[in-house]
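Everything below concerns the one structure shown next.
Chain IDs A, B, C and D follow the sequence of writing; residue 1 opens each chain.
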Amino acid sequence: MTPAETDRIRSSFAAQSMMETFGADVIEIEKGLVRIACPILPGTRQQQGFGHAGLTFSIGDSAAGYAALTHLPLDQEVVTAEIKINLIAPARGQRLIATGKVVKPGKRLFVVTSEVHAEMDGTTTLIAVLQGTMVPVPA
Amino acid sequence: MTPAETDRIRSSFAAQSMMETFGADVIEIEKGLVRIACPILPGTRQQQGFGHAGLTFSIGDSAAGYAALTHLPLDQEVVTAEIKINLIAPARGQRLIATGKVVKPGKRLFVVTSEVHAEMDGTTTLIAVLQGTMVPVPA
Amino acid sequence: MTPAETDRIRSSFAAQSMMETFGADVIEIEKGLVRIACPILPGTRQQQGFGHAGLTFSIGDSAAGYAALTHLPLDQEVVTAEIKINLIAPARGQRLIATGKVVKPGKRLFVVTSEVHAEMDGTTTLIAVLQGTMVPVPA
Amino acid sequence: MTPAETDRIRSSFAAQSMMETFGADVIEIEKGLVRIACPILPGTRQQQGFGHAGLTFSIGDSAAGYAALTHLPLDQEVVTAEIKINLIAPARGQRLIATGKVVKPGKRLFVVTSEVHAEMDGTTTLIAVLQGTMVPVPA
């Protein structure tokens, strides 16, 4: 990854106000893989006090989308066509980490996956897996 | 729906801090159908300024979950086992409305769907459809 | 639908040897909706003697794909990018009927759904719902 | 895996007439992983002569289900609650191989994945990935 390639991911991410609301950060970018972390804030919880499924989904989806973007020229963006999430365990702990990966790049469609882990007191638990389709579009 | 039945949905919803962060409201509850509305706030956007997919997902998933809850006794809750979203159009406009419905209730599993529309200047556009599985659990 | 438009769906269907193996037929074609029926043959069952999930999937997916094709010019085909099936009840009875519908047509992608019903002794039961993405390609 | 544990998978598989129609075989069983292979027969093709998506789905789904079954006591079966398939490439070649794996076992639900590869003239290509939910039920 060139600096221009990682920069455009960081700029795109910074332009998502939702990610700022969530306190999320891009913590790793390599070709075909992007990792996003975020705290479980007081304002992003479900009714039992755990992280909201929408939080898990949001960073899982974003990590997968940016993983696809690592394969694309600078004049392209990606949008999510569809994505499916299986929720495995409650989002319990201090921090969530989503790891998005490209399963198959393509000119018209990318198949992607994402795993989301929760960190609680030093223990890491897989809480969700996602599988979806990203579509390259002109930036 | 008895007042106790709609109340427990409103209480559960009120206990989700994420829904407060999103400014979301339950605007309709009937047996097998729940409707949730929310504005597209400055803090819930993606990089192009439209509503974030995580916003669309969150209210779509919640509407479907509460639709399942309308079928359950007061001592049960539901959790999302899995759900899939197809994103159809950008979340453009002033307000999103998610309509969750029960396709098939069950003792162990509910199959649910949700549609999310965006309202812009009086025009309503379908922006996403969801299909998923809810699991009844003790409250 | 013109005769040329329904003919190309019937020809494409007839060219699928799997549909012949299943004894499946196209029983209805209108703009945005295709219905396929098939018996539950001795050779298409799962271990308990009900119709195999692969049978339910195959006709559900095909009905959705051909529903998309009703929107496309004669020089295009569709392929399934992805599709998700929720299985609701066993495929019990004499005959399955899949009804595919277009939720949203598009130049690059179609969002589609399908419902599969089983007929047993005159009673019809919803056994599966599908939601997916079809991609137009040159024929 | 004890012989009794692998036997019950082989017996269940043998009881699926669809798998016989497809000429499919279980070629590997270990805890949490099952592999199924099948030829692309003249009678299991789509309109362009490649293996039918229903064939890919059927062995992908079965491999994932039996992978879940490797975790369960002998008096239990599994059924597919839902599963999603992303089709990546045409099923071109002589033989398909599906590898099902357990992502997360559970008392009520298993999260599973499956990959399907096509073998053509000694080359192996990933043609589909599946992600789904299996439910343990009394045998």
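Operating definition for what follows: a contact is a pair of C-beta atoms (placed from the backbone, for glycine too) under 8 Å apart; a residue touches a chain by one contact, two chains touch by 3 or more.
All of these numbers come straight from a predicted model, not from anything done at the bench.
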Quiz prompt | Maximum centroid distance from chain C, chain identifier (CA atoms) | solution = A
Quiz prompt | C-D compared against B-D, more contacting pairs | solution = C-D
Practice problem: Would you kindly tell me how far, in whole Å, the mean C-alpha position of chain C lies from that of chain B? | Solution: 29
Exercise. Can you check how far apart chain B and chain D are, centre to centre, with Cα atoms defining each centre and the answer in Å?
Key: 33
Quiz item: Which integer distance in Å separates the CA centroid of chain C from that of chain D?
Solution: 21
Quiz item: Hey, what residues on chain C touch two or more of the other chains?
Solution: 81-82, 84, 86, 111, 133
Self-check item: Residue numbers on chain A that touch chain C, as the complex places them
Solution: 81-82, 84, 108-109, 111, 133, 135
Practice problem: Under the touch definition given earlier, write down the residues of chain A that touch chain D in their complex. | Solution: 84, 86, 88-89, 103-104, 111, 113, 126, 129, 131-133
Quiz item: What does chain C use to touch chain D in their complex?
Solution: 12-13, 15-18, 20-21, 42-48, 52-55, 57-58, 61-62, 77, 79-87
